[in-house]
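Same chain, two partners: subunit A is paired with subunit B first, then with subunit C.
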Partner chain A sequence: MQIYQKLFKKPWPYLMGGALLAILNIILFASTGEPWKITSGFLYWGAAILEFFGMDPGKWYYFSVYNNGLDSGETFLNNYYSVINLAVIMGALIAALLASEFKWKKIKNKRQLFFGLLGGILMGYGTRLSFGCNIGSYFSAIPSFSLHGWVFGIFMFIGAWIGSKVLFRYLL
Partner chain B sequence: MKEVRIDCMYETCPIPLLKALKELKKMEIGDILIMETDHSCSITNVIDWAKKQGHNVDYVEISEGEWEIYIEKMR
Partner chain C sequence: MTSGRIEELKKRRQREFKRKKNQIKYAVFCIIVAIIIYAFFLIHNVNYSILWLIGLLLGFVLQRSRFCFTASFRDPIMVGSTSLFKAVVVAFMISTVGFAIVQYNFIQGVQNISLNDIPGQIHPVGIHTALGAILFGIGMVVSGGCASGTLMRIGEGFLLQIVVLIGFIVGVLMGARHFEFWDKFIISQASTVYIPNYTGLPMATIIQVVVLILLYLLADWYDKKNSMMSM
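Right after this comes the complex of A and B.
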C-alpha cells in the first residue's frame, strides 16, 4: 500500500522526472530517428480536418518550402506524430486514473473560454514560426546540440516572465 | 478579523496560487482567506507556498475532488 502511494499518488521528485524524460527521449530518438515533438502533430490534425472539408493544405507553400517531417506514405492523420500524441494522452490518462485523480472539468465562464482559445491560437501560431513548442524546439533541441534550442529557451523565459506579469496585473 | 472567499473552481495552475498571492497582499494580518478549488495540484503548491511564507494553512475536501483551503495571514 505504501509503495502504491509512493509510486502513483505522490508526485515524483523533479530530478527523477527530468532524468526519466531525458532517458525516454534518447530511447525514442535512437529507435525512430526523431526526437520527441508534439505540435507538428497538431498541425497535421488541423490540416487533416481541412482536407476532410475538401481543401488541399498539402499544396500549401508552408509544406512545400520546409521539410514537413512526413515520410512518403504517411498522411496528415496516419503518421509518427499522431501515434506519439495519442500515446502521450493515453499515458497521462492512465497516470491520472492510477492516482484516482481523473475528473471532467467544466468551463468556468465565457471569459475563461475566450482567453483559453486566444492562448491556444497564440501558442499554435508561435509553434509554427519556431517549428516546435517547448518540447520539439527546446527539450529535444538542446540535447541535439542545436543552437536554436538555447535561443528558443531564452525567449521562452522572457515571454513567460512578461506573460505572468500581464496575467497577474490585468487578468486576475 | 475578516474572511475573504475566492472562487478558483475549474481553474488550473498557476491561477489559484496567483489569485491567493494577489488577495493576501490586500488583506490585514489575522484575516482568513478561503479558496475553493477542484485542482488537486493546488492542494500541493498553494499549501507549500503558504507554509513557506509563514502563514497558517489548512484544507478540507468538501466533496469528491473539491477542496477548501484556509490561509490565515500571519505577516
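Right after this comes the complex of A and C.
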C-alpha cells in the first residue's frame, strides 16, 4: 500500500518526470522512426470537420508541400496523431483516477473562456509557421539537432514573457 | 455551530472521502479499455500499438509529475523558480544522446543521404520560426497550457482545456489556410539547418550536451539568487 501511495498518489519529482518523458521519446523515435509530435493532429481533426461540412481542405496548398500530407493509408481521422493524442489523454485520465484526483473542473468566468480560446488560436496559428508546438518544434526538435528547435525555444520564452505581462494586466 | 451540524459535516466529509476512493474502480475500467485497444492495434496495426502504448505512458508521466512546459517558462519570469525548467534541460540532455544514437544508426546504413531522409524533427529555420514561437509562447501563457498540457488536463477533467483545444483547432486551420502566403513570403527563402552537417554527429552531440549543462548551471544560479533575495 505504501508503494501504491508513492507511485500513484504523490506527485513525482519534476526531474524524474523529465527523464522519463525523454526516455519514452527516445523509445518512440527508435521504434517508429518518428519522435513525439502533437499539433498536426489537431489540424487533421479540424480538416476532418471541414470535410464533414462538405469542404475539401485536402486540396489546400499546405498539404502539398514539406511532407505535410498524410502517409499512405492514413486519413484525417485515422493517423499517427489521433492514436498518440488520444493515448496521452487516456494515460493522464488513468493517472488521475488512480490518484482519485479526477474531477470535472468548470470554467470560472467569461474572461477565462475568452483567454482560453484566444490562447488556443494563437498557439494553433503559431505552430503552422514554426513547424510544430512545444513538443514537435522543441522537445523533439532540439534532440534532433535541428537549429529551428533552439530558435523556437528562445522565442517561445520571449512569447511567454509577453504573455505573462498580459496575464498580469488582465487576468490576475 | 450545533453538534448536529458538525455531525452532518463529518458525514459529508466521509462521503467525499469514499467517493474519492471509488475512483480506483474507474481507473481499473479505463486500464482494461486501454489494454483492449492495445490488443486490437497489436493485431491490426503494430505501429499504432506502439504509439498507443507510448502515448499512454507519456500521458501518465505528464500527469504524475505535473510536468508543464508552460510553467517551465512562466515560473522563472513570474516567481523566479527554475525547478521545472531544469527538469526540461535534463530531459534534453538524455534525449540528445538517445536521438544521436538513433540518427547515427540510421545514417550508417544509408549512402548519399539527403537532409530529408534523416529521421527526426528537422525543419527550415528563419523569421517564421521566431514569429510562430512568439505567438505560441503568448498563447500558452494566457490559456494556461501548451499542447501536451492541454491534452493532459483534458484527461484530468478540465473543461477549460476543451475550449483551448477548440481554439487550437481553429488556429491550426487558419494557419494552414494562410500557409501559402507565409511560404512564398518567408519560409521558401529559409534554409534547414541540421547542426551535425557542419560538425559531424558525435561533435554535435558533445557540443549540445555541454551547452545544456551550461544552461542548467545558469538556471540553477538564477534559482538560488531568487530564493536568496526572497529570504
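Here is the rule we use: the second predicted complex is superposed on the first by the 170 of 172 C-alpha atoms of A that agree within 3 Å, B and C clash if a C-alpha of one lies under 4 Å from a C-alpha of the other, contacts with A are read in each partner's own complex, and residues count from 1 in each chain.
Here is the rule we use: a residue touches a chain if its C-beta (ideal position, glycine included) is under 8 Å from a C-beta of that chain, and two chains touch if they have at least 3 such contacts.
Here the structure is a predicted model, which is why all the values come from computation and not from measurement.
By the touch criterion defined above, A:53 lies against neither subunit B nor subunit C after alignment on the C-alpha atoms of chain A. Contact with subunit C, but none with subunit B, is seen for A:24 once the two complexes are overlaid on the shared chain. Within the superposed three-chain model, A:130 lies in touch with subunit C and out of touch with subunit B [touch as defined at top].
Shared-chain residue A:145: touches subunit C; no touch with subunit B.
The partner that reaches more residues of subunit A, of the two candidates subunit B and subunit C, is C. When the two structures are aligned on the shared chain, A:103 is found in touch with subunit B and with subunit C. Applying the stated contact rule after C-alpha superposition, one finds that A:11 touches each of subunit B and subunit C.
Residues 11, 101, 103, 105-107, 112, 164, 167 of subunit A contact both subunit B in one complex and subunit C in the other. Per the touch definition, subunit B reaches subunit A in the complex via residues 9-12, 14-15, 18-19, 21-22, 38, 40, 44, 65. Put simply, subunit C touches subunit A in their complex at residues 20-24, 26-27, 30-31, 33-34, 41, 47-48, 50-67, 69-70, 73-74, 77-78, 83-84, 86-88, 90-96, 98-100, 102-103, 116, 119-125, 128-144, 146-148, 150-161, 163-180, 182-183, 187, 192-196, 201, 204, 208. Chain contact summary for the complex, subunit A toward subunit B: residues 11, 101, 103, 105-108, 112, 164, 167-168, 172.
Interface residues of subunit A facing subunit C in the complex, by the touch rule stated above, are 8, 11-40, 42-43, 45-47, 49-50, 57, 60-63, 65-67, 80, 83-107, 112-113, 115-149, 151-164, 166-167, 171.
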